[in-house]
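You will see chain A twice below: alongside chain B first, and alongside chain C after that.
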Partner chain A sequence: MNNLPTEPNSMSESNGMSESNRTAESDGTTESYRGGAKPRAAVVIGGNRIPFARSGGPYAYASNQDMLTAALDGLVARFGLQGERIGEVAAGAVLKHSRDFNLTREAVLGSALAADTPAYDLQQACATGLETVVGLSNKIKLGQIDSGIAGGADSASDAPVAVSEGLRRVLLDLSRARTTPQKLAALRNLRPADLKPNAPTTAEPRTGLSMGEHQAITTARWDISRQAQDELALASHTNMAAAYDRGFFDDLVTPFRGVSRDANLRADTSLEKLASLKPVFGRDLTAQATMTAGNSTPLTDGAAVVLLGSEDYARKHSLPMLANVVDAEAAAVDFVHGKEGLLMAPVYAMPRLLQRNNMTFADFDFFEIHEAFASTVLTSLAAWEDEDFCRTQLGLSGALGTVHRNKLNVNGSSLAAGHPFAATGARIVASLAKSLAEKGSGRGLISVCAAGGQGVVAILEAR
Partner chain B sequence: MADTYLKFVNAQPFTRVAKAAGLPRPVPLRRYMQGEPIVPGPVLVLGRSSGTQAVSSTLLQWDLDVRRHMRPKEKLGAAVVILDDLTHPAQLSDIFLELGGLLRELLPGGRVVTISRPPAHGTPPETAAAQRAVEGMLRSLAKELRGGATANGILLDAGVDVTGHSVSAALEFLLSGKSAYVDGQFITVGHSEGVGPTDSATPLSGRTAVVTGAARGIGAEIVQVLRRDGAQIIAVDVPAAGEHLARVANDVGGTALQVDVTAPDAAERILHHAATRYGGLDIMVHNAGITRDRLLANMDAARWNSVMAVNLESQLRINVQLLGSPDFSADGSIVCLASTSGIAGNRGQTNYAASKAGVIGMVRATAEALAGSGRTINAVAPGFIETDMTAKMPFATREVARRLSSLQQGGLPLDVAEVVSFLASPGAAGISGQALRVCGQNLVGA
Partner chain C sequence: MDRVLADPPELTSLYAGALAVSARAGLRRRQRPSALPLDRHRLDGLLAAPDEVEGFQRLMGRARGDFVPSGYVHILVFPVAVSVLSRPDFPLPLLGMIHLRNEIHHLRPIRLDERLAVTAWVENLTPHRSGSQVDVVVHVHSGPEMVWMGRSTYLAKGIHLTGTSDADVATAVAADASPAAEELPGCPTAEWSLGGDTGRRYAAVSGDYNPIHLSVLSARALGMKRPIAHGMYLASRMVAAAGPDESTPFKWTVEFRAPVLLPSRVLLSAEVDASSTAQWRGAEVVAWDPRRRRTHFSGRLERLTVDAGAK
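Up next is the complex of A and B:
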């Protein structure tokens, strides 16, 4: 990677991080501001989510809109935003009904926010939530908005069920037919098999493999052991249970439909229990199958949102400022032709983000690596520690570095909480921002992998 | 749980049946409606003391139809009896008999309010006898009145005269529909501080209030009334009640704060929230409470300890930090929810009654410590209030409990909330250390 010194990095603010030795990548993606004025800071004010629950559970009959509205209303109540016009609300859902084309705007209209709050939907698979944070933060930095709410919702329970492609064509032809013979002709094309609906699936359209099967290939390639995965899963559950017990989530979660803690959380799980589970992914591979229901996230329902604002906005409304959103980077990999694993994109995004901000892993106190599967986290860590991989694939001069386990997902992550696809980003951003505010200093790194071979990484900084 | 009997007995044909059969005949109580007159008819002021004229002047300022005498058969909205200079029981006869002669003309929802003095240390026996006689008369009169009318008294401590600010505030409260379910009670005014009743419909405007246990029931109603009266609301409840709490906060444009009041850092978090978001705290309503009923013979440590921790120890701990904090305003008020169970006892509620009696003890002692500071602390002791909790009582027990009060019905959470808001108002600055019952003069706990 060829870094040329350019203008002082424009994305970072405060605590001495804006020295002139900071560099910005000169490939045109981070055009600097004319006149050298730094954009203002985008601040995480706080967050709210409903407890996550396994699909088919307590939220089986809650829609994405129900859950997103509840998450918004909890945020409004926490920060006294009733009747406020927010600059913009951005959220999304991965499993989305076509009727929910304006999901976020509809949720805003159903919430206690002012009805003249604009909203838009965004979709980037599991990175949806984090990408809404990035997008709205950038608008705040540019002065286009003063406040924003970012987030997402996903229901695997209330997923859309589509009619088959054959039936859909017949129905569309039928609607266009004017005469009875035309109508009959259209209906003649209907085959009995067309009546079978298409169940929702998380399989990759281009490979037909589920996310778990894809990850199983990566897991085997990096030789990640079953025990290492189970240990990571256990840490996630114990960390999150401890965080609940010390009240960490008191101002991050609002109960929904009688659920007050993440329903997937198993405070009493153990290595023995996790070890007793049978592998569910990678059973057709030559390597030993290691991925179980215990070290993989289940299909989950839930919603989460984050309140962002400029410093002025926060001060004017007497709202807390937990952390700054510093910078973010997206990446994608070619998993279709087997060149890289499906969920490895964040591994590639990370060095680009660090270089642009002139930072290394040593500059961070918290690492929030989304646990799609325990082995996703472990392969990421292994890749960044692997000199050969970092040289050949990431174009670095050596290994990127080691993430210390005592800084990793310290309040639990998706293996414990569950993973409603579009909601995970906002969950992580709010929790990390609070951790940084509690510590009072330092930085946090976020890494979220996504379907389609994509990923987004981001930096938050304490204030 | 709707009071079906109350509706039934007020439907025309059944009213006569109930009367003939001597059954209880509760009526819907006169409750406060913004914009309506304080009293539904003329107010008669009775008394021989110099204070009588002063009180009449005060009442006239409120645009009431104030009388010193009634014409025969004329309907009466309220009678205010000024007895602040009693020296002998013989002085009572004329005035009470005059009052008695007018009671048949008292309108539904009418009021009788006495203003007198409690026997102080060193009071001559004749004076003390007369003063104490007022209390006995009033408590019996409250039981005699029907049609939702109530009788309550104001007691003036030494150094307080009938024109004291909080005397006027208490008088306005007792005459109004806000005191609908307060019956047979006395409010003691300890000093003349305060600003008296304000004409404003929002006496709490500019004040920030915390209400614990705000997610539902009486707490949610207190939030509504404090907001109606102008306060900014911080609604507090345990994290598990957060869904309801958010709704309550959003309803009144307040903020929801999910805190378990038994947590060691509860006060710190409440004060921090109030200071950073509202610039400080003026009103603290300790409403959070639980019941874990068992006969003492069957009591276990978990039941006893959890009730004491939530209902009493949390209030003690939070008050210490509150009163030591510059973020709690110099004229701040604390209102603590007690219970008539804590006064009279209730079978199966040794733990609950201990905690609620403890609250009353705490309030008295704290008030002594706060005397002269500008801050106040008072307790409100609800009797039978129609809530989710009483809806779960067995039918017969519930029916009996309802009819045992002088008003022959249960109170509403609103009735409790009105008393809380009154005690938290600037007008009540001269009232501290009281345990005011909101029980319709229930036989139990009276």
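Up next is the complex of A and C:
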């Protein structure tokens, strides 16, 4: 597709960057992908997010666009991107107003980035953020863009509230009616109950079960204990509090509306406090209910973005290179008929990703498994350790392997930070890339489950 | 003998008539006939109304396709069935009858523009531990070909035609009401949140304004604390959720247990025997009340081979 020594797209991509500069800085390796040749590297340069906050809290009146713009502007300030044209910005939101059809482009226009930076929206439930990283990394690897910003925002506070289906149909019929009798006929279909608005829910459209109830079924199936869940939740909070204390998030988080740390983080929580909470999910099951507000993520507001680039781009702009985006894999499961748990798709994606890259769990130093619920992480780990499951469901010859706890979510994850759906992927990618850069070697695995029975897993590698 | 109806009977006036009959029966004890009428009621030229099918499918959470959904066929033929039940020589009171069971053979896909001939009759009047039960049979033909047949079993509570005493009835009812621990599936695959208007919404698409489904007051008049969901609403939703695509012939049965009082939260377990809808072979469904842990209904759906059940 692109056999020129320099990339056609790059000519106009970075403002003021001359063609000769570019050629001079390329170190003689083939940068762009030519059929058969190894594609060039896509590099995580850095990330930025606003602190996450529980819904209805400090960001109650901030919109997705407000938060995404703030996250972008923090990134721009951190890496000196004022007035720069970025190859492409990809982001999304799960709870999205219809007026936000161009959420990301609007956020770009409201940010300090150059107005000629293109952008697109993506939506894949909780995997939105990670999928934007995968998509833009691939474009960078193919030489279609030199730089990209991936991320997402979600507000459970400023959620869209829609009119009921009944009222919506009446209003649409009314707008099409021409004569007074037609208009009256349309209005006659209106029922009092239609005036009640519809707020978004976390219920799966095809089952009517909330995400928590779905996970409660999986939790019961895998017999995950209450104590194991509480211990994982505690580890998330203590790991994240420790990471804040040692300044790990200093160059990953920019304060927003008076908040400088994730507002959900409870540095002083304990197993006793977590054990005192009443179960909120799985109370209708015959198995004991184990999932509480403490070992489940709360509805959260927030935004996060990641700056990606080619090695060339990073060097030219004197930007750090934290880690390479190596590969990613998506999977989906049939949860509708109860054949598999709603949040189990990453379990299926993982062996496919590892096999393609000739790797095993032993090749990794960090595991970032998104904590939708503590039991989501624990069922994933249990499934990968279960010989029978790995044989019959994953088609492997034996268990996939064990994830050692000292490598798992070492700087805390969603139970501590909270989980603004579309923002979580970029939070994880930025944190993992920084961990790999600090270590100076090794690899990290990311696993993110998503509504609709989907999941995305990805590999990052230290440089 | 077939009695051919000229027009589709009006359900509302059939119910109004039945209401008047039951009011009169309250005043003076009427001698009940002890046998079923033998006449079949027939109505020709029935046609699905596309906008009604659209409304029906919207309520079921499905898109309208090119064929008539199985549950909508029931709606279409129901007035003919009720016209048999509201005959003066039918021995049981129409209002307050409880839907126990349904068995439907959907023998082949029925296009929206097919003119259908419906024949309905009653048979199998038998004693039940809490009253008397009867089967209503409906056959639907398109030209000479039978395309759909349904058998609905109803219970008239407290009506004993075979000479059982009131004491027997009391013990039978009491035994029936004792909430024994039921064996329920451990895990649901779906949850239905049924609002207080569920009965009115189904009435709007089905024309079945039986007062037992409509409001607290009208349900109380018929002995229920709260309105109950139409059995065929629950059954049709079950078919929409666990059934095959609309071009697959299938047979389905549903057995109703504890009625669904509205509003209500219902849990379901649907075991679908299919790796995808194209290879749908069947399904087993149980729906229950998570609070009182009682079964609302159970259903079984199975694929029919092309000429199965055809006459």
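Just so it is clear, the second predicted complex is superposed on the first by the 428 of 463 C-alpha atoms of A that agree within 3 Å, B and C clash if a C-alpha of one lies under 4 Å from a C-alpha of the other, contacts with A are read in each partner's own complex, and residues count from 1 in each chain.
Note that contacts are C-beta pairs under 8 Å (C-beta built on N, C-alpha and C of every residue); 3 or more make two chains touch, one makes a residue touch a chain.
This one's a predicted model, so the numbers in the text were calculated from it and none came from an experiment.
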Q: Could you look at A:337 and tell me whether it touches chain B, chain C, both or neither (first, second, both, neither)?
A: second
(Q) So in the superposed three-chain picture, is A:319 touching just chain B, just chain C, both, or none of them (first/second/both/neither)? (A) first
Q) Touching A:363, do we find chain B (first), chain C (second), both, or neither? A) neither
Q.
After the superposition on A, what does A:112 contact: first (chain B), second (chain C), both or neither?
A. first
Q | Dominant contact partner of chain A by residue count, chain C or chain B | A | B
Q.
Just to be sure I read the superposition right, which of the two partners does A:254 touch: chain B = first, chain C = second, or both, or neither?
A. first
Q: Tell me which partner A:284 touches in the superposition: chain B (first), chain C (second), both or neither.
A: second
Q: Answer with first, second, both or neither: which of chain B and chain C does A:79 touch in the superposed model?
A: first
Q) In the superposed arrangement, what residues of chain A touch both chain B and chain C? A) none
Q.
Help me check something: in the complex, which residues belonging to chain A touch chain C?
A. 165, 191, 193, 203, 206-210, 213, 217, 220-221, 284-287, 336-338
Q.
Looking at the complex, which residues from chain A come into contact with chain B?
A. 70, 73-74, 76-80, 82-83, 112, 247, 249-251, 253-258, 260, 318-320
Q | Contacting residues of chain C [partner chain A, same complex] | A | 58, 184, 186-193, 195, 197, 267, 269-272, 274, 290
Q) Can you name the residues of chain B that touch chain A in the complex? A) 235, 239-243, 245-247, 249-250, 253-260, 263, 265, 276-279
